[in-house]
Every structure is written in C-alpha cells, then in structure tokens.
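Below are two complexes that have chain A in common, paired first with chain B and then with chain C.
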Partner chain A sequence: MNALRARLRAQRADPNIVRIHRKQALVAVLTRRLHIIKITLFLVGYLWMAAIPSPRLGRGTYIDENALGPGQVNTYWNWGDVANADRYLEQLEGLRDNNATSEERADFLMTEFLKLGIPASTQNYVFTSSAGNVQGTNAYAVLSSPRTSGTEAMVISASWISRTGEGDGTLNLRGVSTVLALANFLKKYSLWAKDLVFVISDNYVDGMQAWLSAYHGAIQSNLQADELELASGVIWTALNIDYPGHSFSHLGIFHEGINGRLPNQDLLNSFQQISKWTGGVPVLVYDHQDSPQTDIPSWIPSAYHEEIRAYAYQSKNVLRHLGYQARGRGSGVHGLFHQFRIDAFTMFGLPATGPHGFHAIGRIVESTLRTTNNLLERLHASFFFYILTTPERFLKIGSFLPSAVLISVAMMFGGLRIWSDCAWIPDLSDKKEAGPDKWIQRSRPVIPVLGIMLSTYMLGVVLFSAITTSWFINNQTVASTLLLIVVSTIPLCALLIPSQDASRAAPISQLLKALNLCFASTVISIITVVNFSLAMSLAILLGIPLSISSPSKTLSLRLAKFAPYIGLALGWICASDELRKALWDWEILGVWFAPFVCIVYTPLVLQAGLVCLLPL
Partner chain B sequence: MKSSLDVSLVFPLLVAGRLLLALTSLSDALKHNHQLSSPLTSYLNLQEGIYLFQNGIDPYSGGVFRHSPLFLSLFTTVLPRSRVISSIIWTLSDALGAWALVQIWRTRQRVAQTSRDGLIAAAYLLNPYIFLSTLALSTSTFENTFALLALMFAAKGAASPALLAAAFLLQISLSSVLLLAPLLLLIASSPISQLASPRPFAGNGKKIISLLIEFLVFTVVLTLASALVSGGWSWVPQTWGASLTLPDLTPNVGLWWYFFTEMFDHFRPFFLMVFSVHLLIYVAPVCIKFQYDPLFAAFILLGILGTFKSYPTMADPGLFLSVISVFPELYPYLRYPIVTTLLHLHAALLMPLFHHLWLNQGTANANFFYASTLVFACANGAALTDCIWAGLRIAIGEPQEGFVVVQE
Partner chain C sequence: MLVVSFPHLLLFLFSWTWGILATTPSHEEIVGEFFNQNAHAGSSTSNHTNNWAVLVCSSRYWFNYRHMANALGMYRTVKRLGIPDSNIILMLADDAACNSRNRFPGSVYANPGRGLDLYGDNIEVDYRGYEVTVENFIRVLTGRMEPSVPRSKRLLTDARSNIFVYMTGHGGNEFLKFQDNEEISAFDIADAFEQMWQKKRYNEILFMIDTCQANTMYSKFYSPNILATGSAKLDQNSYSYENDNDIGVSVIDRFTHYILEYMEQINKTSHESMADLFASYDPAKIHSDPGVRADLFGRPLNEVRITDFFGGVSQVEVGNGGDGEARASPSGTTEEENSSSEERPAVAVNASQAQQKVAPPSRPAKWRMTRAWGGVLLLGVLVGWVGFKR
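Let's look at the complex of A and B:
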C-alpha cells in the first residue's frame, strides 16, 4: 500500500521526471532489442518475398474501367478473312524462301497495304552501336478513323522476327499475315473512333524502336532513321501479334516493358476475358503451361498437393517476371511502346499442333480493338503496379511492395545503430572508480568517409565508360579479365590507411558501414516504386551481405573477407552474354539497367568490401 | 587540411567550376523542371513576358508572366538575353550570394578571415538544391542573393544598402516580407552570436521606426518604378497577388498547390487567407524569442519560408540549409542530424522520380508527387525544429552527468 502511494505521489510530483523515465525506458527497450527487431524484419521481409507466388496472397483479376466492356460485341471476322490471311502467308513464305532483303519485304508489305486502299509507307533505319550497326526497313500503314479527326490512334503491330527465344530468329510470318488480313478486314467497318496504325517492324526490337522514335520525334544520337511520311494522333494502346508456329493451343500474355514499366492491367484483363469467352482460347502468362503432373513427395498430405502445385506454377511465372523486369528488359516488341506512355502487350500464339489458328486470333484481336476503341480517357492510374501470378490472379501493390521495404528498413536500423554507436566508446581510463556504464563521446569524421564513398562511385562511372567502349565489346574475354583485375585491386589502397586512435574518433570502417547501409536502404526503398523486381533483387543481394561486413585484425582475414564482396560486386563481368545484351539494350533501347549496376550497385558492394579492408 | 580551405583559393575555383557547369547544356534539360522553378520564377515564363513586352503587348494581361516589372526593365535594356550569358549572370549571382554569406560569417565572428570561409562558400556554391535551381535559370537565385545581401549589409550595420536590398527582395518575392522584422532588429543591434547568453533586446529600439520609414520609401519608389515600366498597375495582382491567390496550380515542391487543387471553390478564399496568415504568425514569436540574436531569427524565418511559402523552389529550402554553415555553435546540440539528412536524401530522390512517374511515364498520379513533397516538407521541418531546439539548448550549457533537459 505504501509503495503504491509512493508511486502515485512520485507521479504527481513531477510529470517531467515521469516523462523522462518513460522515454528512457522505451529507448532502452528498443535499443536493447534492436538486434532482434532487425532480424525479425529481415526474416519477415524474405519470407514475404518467398510468399509472393503463394495462391493465398493474390486475388482475382477484374476490370476497373467500366467503359471497356470487354467481349460485349459480335465479331464479324470469318473464314473468308482466314483465307485472306492464308494467301498473305503464302506470299510471305515466298519472300522468305527467296531470301528477300529488308527493303524488298517492306516494299511488298507497303504495296499490299496500298492495294487495300490504305495509305502506307516504309522507313529505313540504321543504329550504330559499339557492337556494330543494326539496320532494317519498317513498313506501316495508317487507316484514318471514319468517325473522328484522328487525334488518337491504336497500333496493331507484328515484328518480322518472333519473340521465340527472345528473338532467336524464328520468323513471325503468321503474325505479319494476321496484321495484313486484319487491315483488309477492319477497313470495312465505320465504327472506329481512333485511327488504326498497322506496323510491321523489321528484326526483333530495333525496328519498332526506330519507328516509335521517329513517330514521337524522340532524338536518339546513334539512330539514323527516315522521318515518317504518314502521321496520326496520340497512340493510346498497342497490340503486338506474335504467332510463330503453325497453330497454337494457348495465347500467352507478355507484358513487361523496358525499364520495368508495366501496361495498365485493365488492358490485359480485357484481353484475357475476350480470349476466353469470345475466342475460346485459354490464356497463359508467358508460355508457361500449368502442368498437373508435378512431382510432389508422397509424405506430404494430399490436402496440400493442390496448393504446392499452384505455388510451383505461380513461382515460375513470378520468376520469369522478375527476370524481365529487374533487368529492365521488355519481354517483347510491345515493351518499347511503354517508354512513350502507350499501354501495350504481346499476344503470343503458343506453337502447338492445334486447335487454334487465324480464325481465333482474328476474332480476338477484333474484339480487343473494339474494347480499346471504347476508351474515352486514358486508362486509370493506380492499375500499373501488380504482379500477374496467373492470367486470372494478381498481387496488388500492397501485397508485394512491403517485402522489399521491410528489408530496407532493417538495413536502415542497422546503419543508424552503428552510426549512433560510433559516437561513444566505453571509458577504460579509470576502471576502478567508474562502473561499466561510463561512456565518453568521440567525434565522427564524416568527410573522409564521404570521400571514400564518392571515389567508389567515380570508379563505377569509369567502369561503365570502359565497358561501353567498342574496344571492350570486341575483345571481351581479355578486356573483362583486365577490368576485373584493375577494379578489384584499386580498393586494396584502403590497406594503406593507417589505424587511428579509436578513443578520439570513430573508426572509418564503422562509419563507412553505417553510411553504406543507410544509403543502400534508401536506394532499395526508392527503387521499389519504379521497378519492384529490381528492388527485390537488390534487397536479396545487398540485404545480408552489407549487414555482415566487418573489419578484422589480420591482413589475411581482411583479404579473405574482401574477396567474396569483389565476387558479388563484379561477378557480372564474367557473364559475357548477359553483359553484351545489357549493353546492347542500353545503347539501342536506352535501358538503364547496365549503368545502374555499374554506378549504383557495384559501388555499394565495393563499399562493403572496403569496410572489411579498412583497419579496425 | 584547414589551410587548403583558404577562401582566396577555394572561392575562385568553386566559381570557375560553377561557370563551367553553367556553360554545358544542362540548363536546357533542367529549365522545364517543376522542382527547380515555379510559375513565379520560371525562365521560360520570363522569356515569354519579355517577348510580349517588346512587341508592345502587356505581358500581365495573360496568365503566364508573373515576374516583377523590374526583371522586364533589366532584361530589355541592360542585360543581354542569350541563354549562355543568362547562365553566366545567374551563376555570378550565386557567387555574389556565396560571398555575402562568407561576409555574414566573418561579421558574426568579428574577424577578418577564418579557416572556415572556404567551407562556407562551398556550402552555398555546392549545395545541389541551389546550384540546380541556378542551372535551371530560376529567378529564385536572385531572391536568395538579395536575401543574403540584405542580411550581410544589416549585419555590417549598413542600414540603407540593407533596406534597399530588402526592398528589391520584396519586389521580386512578396512572401520575403517576413524577413523584414529580424532584418530591422539586426540593423539596430549586432550580428554577434548571443545564443549562449540570452538577454533582452540590447539594440537601439527607437531607430527601428526610422528604418521602417526608410524601407517604405525604398519600396514606394521601386513600386512606382515598376508601375512606370509596365505602364500601369496590372502587374500587382499578377506578381504579388499570385503568391496570395495562387492562380497557377502547376505542381511545385511546396505544400499549397495540391491542397488547392483538391479544394471546393467556395472554401478557397478562406483557406488562402489561412495559409497566408499562417506564414505571418511565426514572425512575432521568433523575433521575440530570439531578440538577442536577430540573425538567428532571420535564419529560422528563412527555414519557415522555404517550407511553407506559396511557390517555393528547391532553392528556398536550399538557402536555409546553406545558412546552417554560419551557425557552427548549433552542431553539438542538434538531436538528429542523420535523420534529417536521410529524409532530405529520400525526398531529393523521390521527388524527381515521382514527378517522372506521374508526368512522363504515366504509371503514377498526382498523389505520388504530393506524397514526395510531403517527405520534403518533413525533411525541412525536421531541419527547422532541430535548429530551433539547438538554438535554444545552447543557452543551458554543456550536458551534465545525471541531468536531462526537458522542454515544457
């Protein structure tokens, strides 16, 4: 009773003291458990990432924009049009067999469009890059809208080379003949409220890049392309048709654009509904078929089999998505449209012996065009952030974004903890009198640390300018070994930095680690919104490694710790094919993945390596 | 290390570096940027106004040109208008501002030269918020320069030049009138740091009335000159009025635009009044609390302006951040400098990113950019409150073992 009264009196006595005590207790609890909190955040973050493909996390797709009204129309595409497509296909196969040049092909396509009474033209282009020149000729036609003044347009496109094997050279002859037959068919109807632009781009992606750059007047220093003779309005949506096989069993959606942009999900959902209900063709994400015969160990209760199978299938899709988006690589020709704010995707006819062909794809495209024709305003913002786990299920931004942010928060906590620890050191001078609680403050020399960080970024810039020279591309094996050696020896200069008096100033290695963690955390949390897959990859690659970097006493231990960081920072130099592709993407398409890796990622890992090299 | 920061070497080097940057084509890429120039300070609008003016059309009759007529008179008579020369003029204005800042520092320390001079010049010339705005040819560069010149002359006790600079500042930016009160106090007292020993206002209070009258005379003369240049009074609602009535809702880094895009029209006048008065309410408390150190009061008001004014650019909070370098006595008492820095880092990366996502890439919307400007406001607010805390905390002295300072 007395104790309680005393406590009450104490509380009444001075609210400030109570407040201070409460605050101190809270801070003490948090700082004491910070390690646990950090580990929990890491765990939850990584587990959340692992749970992304889980069927429990997503939800069913729906149409957000009511005006789209997918699948609400009668389609008129019939067997006569299929016969037309077959005629075109025969002629295209003739061109293929005669090894026709790009110009001949484009001239043929232009003539066919002109025969239909649609204004058409061709466009020559040349890209110069350090890997050599790329050239070709596009053909395109503009069917003016019978109902409006042509301020808005929709594109129906096909590239000469299919996306099979990411453009391995398989021809997209049936895709091209579908576009020609559609031109013939669509011009008969007066219901188009937007211009229809038909584009047959040369090669795989470079043709469309040249055409789109010219269409939007974008200046690209290494591109020489003819100006377009025919113009139309603002392009809102684009459908890219990819039909490489003889027939197809499913239509696959490929939607990732370059630099990680995704098209509005309404477009994909409309297509999925139309394909399913109007065309009767099942839809896939990518070309992944859901196989029911997955091997599941028999000791797992059969109640879970369905879920495990769904998880396996969806993780295949999610991983494919990660691969495209993280590298900023479009999953097809449609990806180039995204840079001009055009929502686009590729419908890929999955090669099979049957049952679908021109009849199905024509009806589906017709109905999809009727749907996009309904648009009165741009597709809703807020429907651009999603992960499609199956054609009919997706994850909203709130169910995947926090995973990477949690990792970034854990890293931030780690960095701030080290930062505040750096300011204090236990006073060991008079141990007898003072207890273990006696701490003295020391300075934190930030300027040299920022200097070290800045020099790693400079090194990154130098590295990037080195790998974009034509010398590097032409002697890749020699040059990459040389670069690897040079870049990994430069940080060894850190060994020359003398050890400092730790009682006056905080050791540079600790400060570097603190700022490194804070900065890496900032980068990860900011990238999440632009390119979640990249942020997730960074969270996986940087999260733990940057948090466990630590200096050590002996030279051999320092070097041993440094080596894995060099591997993590520069290992990509050895992946020569991947590197060449990334550089090609950067030079021709402006994908910023390669410069990002050189100038942001590599320096961050090098800083962690330097933490290991620097003296205690 | 210290001797290498000698100002006579560092200052020309920094200015030369900045001039080199100014001559690159960066300006053309940055001058459309909404974060670096507002409708009131945009170079493109200035050019448009000058063109209309030269062709005999009243530039204030449309809704585009919102610069002071003084800019019109300067750019149509004295100053050439080519892009390269403009870049040089803007950069030199920054150099002048940096020089003024160094002078303020020296006057505050009562010494002719210190080892920190170079560092202070660098804090102004290398501040990305400031130099990017200058590269974007935003006229907020001139606002900053005039603000620093006014403070410098006031610190040196040169009343008339200080008031003239303040009058020019008022002409080009109405909200800067907030700085008038601490400026007058500063002229009437001294710039020397009194943060550690608070006391009642020690200057000559009677002088302030005459100073105020002098300022009013300058202002009236400049206003009449403006009216003469533009041939009427139509410029008043377009320039001064714009910062009160917010006619142009082009996104910027401030807190006003989004709020007023969302507002129902019949609430607009009321909230315009609230937002404008909100800026004013800080003046008296800050000036009364820091009456012993008016330079510090001016510094705090710079921070408030940078956070809350109607059409801010990055340069406005940038000025506040650079001026922190003049108050090194604050540093030991700042409570969370790393948090403020990280907030600024996040905001500085998020704002251009969300702006791009909204207006270029089209995947985001206005709410994203607004959210990032809120982060920026938090960063500025954190810097401001931390500086106020530290400014008050100094007076209590070194932390003692077993004692805690509490704010009631």
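Let's look at the complex of A and C:
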C-alpha cells in the first residue's frame, strides 16, 4: 500500500522529469523513423516544386499601393504623335541603312532631344573584358519637373538593340522612335512631379550598365565611361520600351533583374491593368503565347482538360522565370536597374502583323507614367518575392519557398543522422553480452575532413580564375577539355588515403558526407530567400545525389560512382555558349552566377564524389 | 354745481380708464408677431446666438484629393449659409490645389466635369499642411492656446455657440489618422467635448464624420447637447463617389457627396430640420450604413433646423436695459473665453430671459395691466365715495 502511494507520488511529483521523459520518447520516435521522415520530406518537397505551375496554387494579382490609381486618366496621345513617331522612325532607318556609328547615332538622338527643347547629352563608354572590349555611346535627355524641385525621377528608356534572342542584333528602332515621340509629347504636360529622364542606351545591356553606373557613381574597375553632364534626382521607376517588329499583337512583361532581383509587383500589375483597359492590348508574361491546341490524351476526363492546359502554359512561364532568375541573368535592359533599387520592367511588343502599333504603346506609356508620377514614396506595398504564372496570377513567397526548404531540411536531417552515427559503433568485442544496446564511443576527426572540403573550394577558386583568363575564352575547346581532365584527376588523390581503424575513429568518408550534406543544406536554405530559382535548382541538383553518395570496397566501383559526380560537377564546362555568356555577364554586369557555380556548387558535388572515392 | 360736475367727472374718469385699457400692444409684440407669422410646427427652438464650424481634412497626399474636396465642399456650404470666415476653422492637411500633379493648378473640384471650383476666390485655410495635427485640433476645440496664436486660428465660442464639427480622412475602429503619422481616438474627441462643455464653450454641437467605420468615432461621447452622425458603421468602409479622368483621382466621398447634394437645396431661410437631412441618407447609394446619435441631444430632431448648425444666426437677444450690458453678443463678437465660474448662473438667467421673450406677458405689459386695474379701482373708489356722500 505504502509502495503504491510512493509510486503515485513519484509519478505526480516532478513535472520536469516527466517532461524530460516525454522529450526523450519523442526524440526516440523521431530517430527511429528518421529514414521515413527524410523520404517524406524529399517527396513532399519535389512534389511541391512540381505543383508550382498549377492553377490551383497562387492567386490573382491586385494593386496594393493606394497612390498608384492605374488607368484612371484620360490619355491624350494621338495620331499626330503617331505621325511624329513615324517620322523619327524614318530618320532612324536612314541611320541604320547608312551603317551609322554609335557616335553618329547618339549625336543624332541628342540633337533631336535638343530640338524639342529638352537638355540632352551623350556618354561614351568602354568595357574591358577577357572576351575583348565593348564600347558604345549612349544618348540621354532630362526633362525637369515643371513645378517641383526634381529630387525624384522616372526613366523612359530604349536600348538600340532589342532583347529579341537575348540581344541577337535585332534593332529596336520603333522603341527608340517611341521614346523620342514621347519626349515631344510629355513635354507639353505641366503635371510631372518627377523629372523625366529619356535614355537611349547603346547595344543591348552594356550601354545601360555604363549609364547607370555613371549616374549612381558606382565604380567598376573594367569600365571607362564619361561622367554624365546632366543630373537629375533619385530614380524610382523605369520603363524600358522594346518594340522590334512592325506591329505587335501583345505586350510581354519581362521583369527579372540581374542576380535574381525582381521589381515590385505593383508596377507590373499597374501596367497590366493599364495595357488591358486603357490601351486595349492583351498582356503576356514573356513573349510566348498560350497555345490552346495542346494535345491531351482522350482518356483523361474532359473536366480536367482546362486545368491541364493551364498547367502546361503556366509551367512554360515558370520555367522561363527559373531560367532567368537562377542564372542571375536579367531578362532585358530593365534588369540592370534593380541593383540600384529602381523598379523597372521591359514592355516587349510581340512582333505580329497587327493590330497594335505606336498609337497603343504611346497611350499605355502615357497612362503608366501618370500612374508612377502619382507615387509619393518608392514602391514598397506589394510583393518583391513572387512568381508570375500568368499576367494576372502569381504565387506568394509562402506558396513556393517551403518546397526548397523541405529538401534542405531533409538533407540536414540526413547529415545530422550520419554525424551522430559516426560517434558510435556497436560493441562486438564481448560476443556474449553483445546486444543492440551495447555501443562504444569513437572519435570524429573533423580537421582532416574540413581540410578536404577547403581544398575543394580552393580548387573551385583556381577553376574560376582559370576560366576568367582571356586564354580560356580564346581557346575555349582546348582549354575546357584540359580543365575538365585536370579538375577531375586531382580528386583521385583521395584514393591514396589509407583506411583507418573504424573502431577508434569514424571513417573520413562518413564524416565528409555528414558535413557535405549539412553545408549544402545550409547553402540552399540561405539562397531560397535571396534567389529562389537558384535554390530550387540546387535542391534538384544536389538533394538526391548528395544523399546517396557512399564509399565502396572495390576500386572500380569507387571510380564508377565517382564518374557521375564529375559529370554533375563539371558538365557545364562543355556548354561553351552558356559559359561564355555567364562569364560575360560576370565581367560586364557583375552577375554572380559564374563564380557561384565554380566556388560553391562544383566543390559541393566534388565533395560528394570524394565520399565515393574515400575508403570505407 | 356738484350735481352738474359729477357726470363730467365720471365721463372723464371713464374715458381715461378706457384710454389706458385700450393701449395698443407693445412694439416688441408687434415685431415678434411679424417674425412669427410664418412659423409652423417645425420652428426652431434653439437658443444659440452664434454659429461656428470646425472643418478638418486629416489626410494629406495627392491620392487623398477627395478628402480635401470633402472639407472644402462643407466649407463652401457653411459659408453660403451664412457662417463668416471668422467663425470657420478650416484645417487642410495638404494643398491639393497647388500639388504639382494637379492638372488644374489652383483649383479643387468635387465633381467630374469640374463644374464648380471649390478653391475659388475666397478661401481662408486656418491650419494647413503639417499644422494639421491632433494636438492643434484639440487645442482649437478646448481653447488652450498659446497667447501668441492669432484670433483667426481660435475657436472663440461661448456658452451660446452652436458648433458644427466636420472631420474626414482615413480612419478605423475608434480612430482617425492625421497625416499618416498620428491618430486621434474617439476618446480624445469625447474628452475634448466634455472639456468644452465644462468650460462653457458650446451650446450645441453637430459632429459629422466621413471615414471608414466612422460611427465608432462618436460612440464614446458623453457630454450633453451633442448630435452626431457618421458615414459608416463598425467594420464598414466609407467609399469614394467618383473620379475625374483628367485629375486622375477620386474627387469626393459618397457620404459627403450626398449630404452636399442635399444641402444645395437649403438656403438661409430654409426650415428643413436635421431629421429631414438624416432621412435623406440612403445606404444603397452611400454604399455604407450612415449612423446618427441623438441620445445626448436635448431637443427633438424635427425641431432642429439645419440652419441651426450650418447657418449663421441673425438671432439677437435684447438684454435688460437695467444691466447696461448685452448678455449675449451677436456672432463674431464674443469675448475670449475666461475660466470664471460665475458665468454659469448668468447663462441660466439668460436662458430664462430668452424664454420670456417669446412668452407673453413681459414685464412692461404687466405694468400696463397694473395701471389699468389701478384706474378701475380708482374709478370704483370715486363712484363709491360720491354715492356715499349722497
């Protein structure tokens, strides 16, 4: 009786002990099922990624900033202004036919602005890069705000070369003549609360990079550019007009900036509304249309056809977005503005035989400028992290970010499991008492493992400095083969590391895998917030491969396992065009993708390869 | 001889008495009758002697153009109905007329098509821009001012003042934002009104507010003689009415628009009551449920003329000549409020006087009655004396 009472009292007595017991039980349950949890996390993460284009996820876009009031104004851009644009176009075509140089073009544009009574100037610039020099001349004009001090500004820009084919040389003549005619037209209003800055940048993106660097006083070691003679205020928004064809059927929104930055969504939503309601021009994301005649197998019930079509269209958009954002490559000239905290996008007139032209684009730009003119502070209300699945639907950060985080958590769980397993080994010395509960502790030599990891990063740095030399760019085929061979043979040194006594210290391969997984998981988690598309690509490329790396006994098996990792780590060297573009982006525009791949991604995969090479 | 003279004496006395009895009604009665001949059941029972208006637009920025237009629309109405600029405190948190985004510089319009420029020729803004703060608003109401503040920026009301307080801006449950920076709560206004009552700064107040969840703003009032109305109940938004496509923003709010529309048919001599105004509210048109709070208000609403608050009174009370001082001054000439406590009884006397003025018989009339009866008595005495003598 007393004993029973004592037990009851003991049970009730100490809540802390109860809590500790409960915690232990929970941890035990989790560790026992860790494998299943890991697989579930991977599965949910990848399925979530696959669901991003689904029309069931996401919601309709909306204007969040009260001040904008898009599409609430009458527009006065008229056929007379269209005629002006046509006249400018004739002159620009004359320049094109005479093969005018950059200076001649810029001088012509400056003169035209000056004729309108708007202060204008030109800017020469030269970029030096391993691929050779890039030079050109920008023209720009500043229309001061008639009734305020002009501490803020809006940019209306057009690049000489259109974004068609990522700047394949198609000229943006109609875009440039739109800007000139707009300058003539907008000057007549006295209601601009901000300065209007008209910029005609040379080439595709480098002209604007030079102009923006000079405008903001940003120092770039390989850029020599004239200082700007005309100054204005802080630029809040920029509209980049890209109108390469004769007419256009849709206006496409291009919004990705370099290094994965996006403009505030309010700007895009306002433009979308204005284009639709004021201009009567349908809006697209990018420059591909929704094709209604997708072949859907007949055995699928017709109720699902609409959804499948929507999924197919939206996945195209999402993939383009991933492509631009993950590579950190801006989808147009607007992408350069984002680094200076300027919200910008490109409106791309999708070349077609009709029905829209100067009349529609002029009215849309006029109304959009009235809207951005209404801003009282920088765009801040709406979203900066989003995926536009269609012009009128988007995903908030909460609906896509967890997918990559789940993968990263699964990797972290895997790494931690291996790390804690490394510290213990079943006690096999005493066979009689041997049971599942009998474990002995062993040491975990971290320093050599960190040394191996560090050397892979050093290798990445060497690789990166090698590919940024002009020697590499000029002899790309030879150089890339050479680099591929060198970088893939160096890790083979790991074969020389002798096997250790597993009862006293944990094997290096296991420790390396644990740290590799933990580090990769951390990298992915951090990148999700900065650049989701890059994080998602990393989660896909690293998630499973890093988790399944394992050492083996025989040499041939080790090498066989190592080979795919080398392919994963260094395969990009063979994509010569991509590589050249990425390097150009890095040198001229400061896009971080190339160094990131060399110094973070490749070493992580090489470490997984080393896990396979190292002794058991 | 006596016999001969007696009928003469009698005749004389009779005619004298007749003359006194038949004296025509006093001058004041004639005037009173003249002014009351048009009176009907809805006649005003207010006993205020001056009218004031405090009009507040608490939000700045170009896209809140409509709030400026709301306040200026009210300004135009009270001015048209007779409250002079000296009795109007107009607070505008921003200058929409001179905003660089205004396509029509120097003008503020409250309707698309821009028929009527509310910013016209004669605008007196007492507090503008950053001066429009919660502190200044409460100081205006309570009269707690620095000595240096000019009279034009003060609410110089007294115990016989009717005040119209109009507020518009962005608000919520029991608060109204000022300048996107600070907010005034329903309690602040209620306490300010109570302070005004205790300091005898008003006779009656009409509180009108157009903002989201406006009706919560008057829910905390506890001082007497306050009539309140708001544009939307709890959890309801108050909506804008129309926007002008050249100005590019909404130009007026619905609640204010329909009130102003109603007010356009009111003139200085209109006899419409506040009950009529409140009956004109149409939630279907306003897109929210306007509210009225009259439980603190002493008079039935159908006896409260709209001009009691929106108009400038021409009611003047003639004081007792004996004091040699006019108790209540005509509007605009009130003294600065003082904190003496003996004013309240004086007011009570004033109030009773005011009632005497309307209700006969007044004191001189009584005197005449006494004189007449005295004459009759004298006649009786004389007749008795003559008869007794015989």
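The rule we apply is simple: the second predicted complex is superposed on the first by the 591 of 616 C-alpha atoms of A that agree within 3 Å, B and C clash if a C-alpha of one lies under 4 Å from a C-alpha of the other, contacts with A are read in each partner's own complex, and residues count from 1 in each chain.
Rule of thumb we're sticking to: contacts are C-beta pairs under 8 Å (C-beta built on N, C-alpha and C of every residue); 3 or more make two chains touch, one makes a residue touch a chain.
Everything numeric here is computed off the predicted structure, so don't read it as measured data.
**Q** Touching A:R96 in the superposition: chain B (first), chain C (second), both, neither?
**A** neither
**Q** Which partner does A:V530 reach: the first (chain B), the second (chain C), both, or neither?
**A** first
**Q** Where does A:H246 make contact in the superposed view: on chain B (first), on chain C (second), on both, or on neither?
**A** neither
**Q** Which partner chains sit in contact with A:R261 here, chain B, chain C, both or neither? Use first/second/both/neither.
**A** It touches chain B, and chain C stays clear.
**Q** Looking at A:R22, would you say it contacts chain B, chain C, both, or neither? Reply first, second, both or neither.
**A** After superposition on chain A, A:R22 lies in contact with neither partner.
**Q** Between chain B (first) and chain C (second), which does A:H35 come into contact with in this model arrangement: first, second, both, or neither?
**A** Neither: A:H35 stays clear of chain B and chain C.
**Q** Where on chain B is chain A touching in the complex?
**A** Where chain B meets chain A, its residues are 338-339, 342, 345-346, 349-350, 353-354, 357, 360-365, 368, 404, 406, 408.
**Q** Quick one: which bits of chain A touch chain B in the complex? Just the residue numbers, please.
**A** Contact set of chain A toward chain B: 16, 19-20, 261-262, 338, 341, 378, 381-382, 384-385, 412, 416, 419, 518-519, 522, 525-526, 529-530.
**Q** Flag every residue of chain C that touches chain A in the complex, lowest number first.
**A** On the chain C side, the touching residues are 61-63, 99-103, 105, 243, 245-246, 248-249.
**Q** What does chain A use to touch chain C in their complex?
**A** Its residues touching chain C are 66-67, 69, 72-74, 145-148, 189-193, 370, 373-374, 376.
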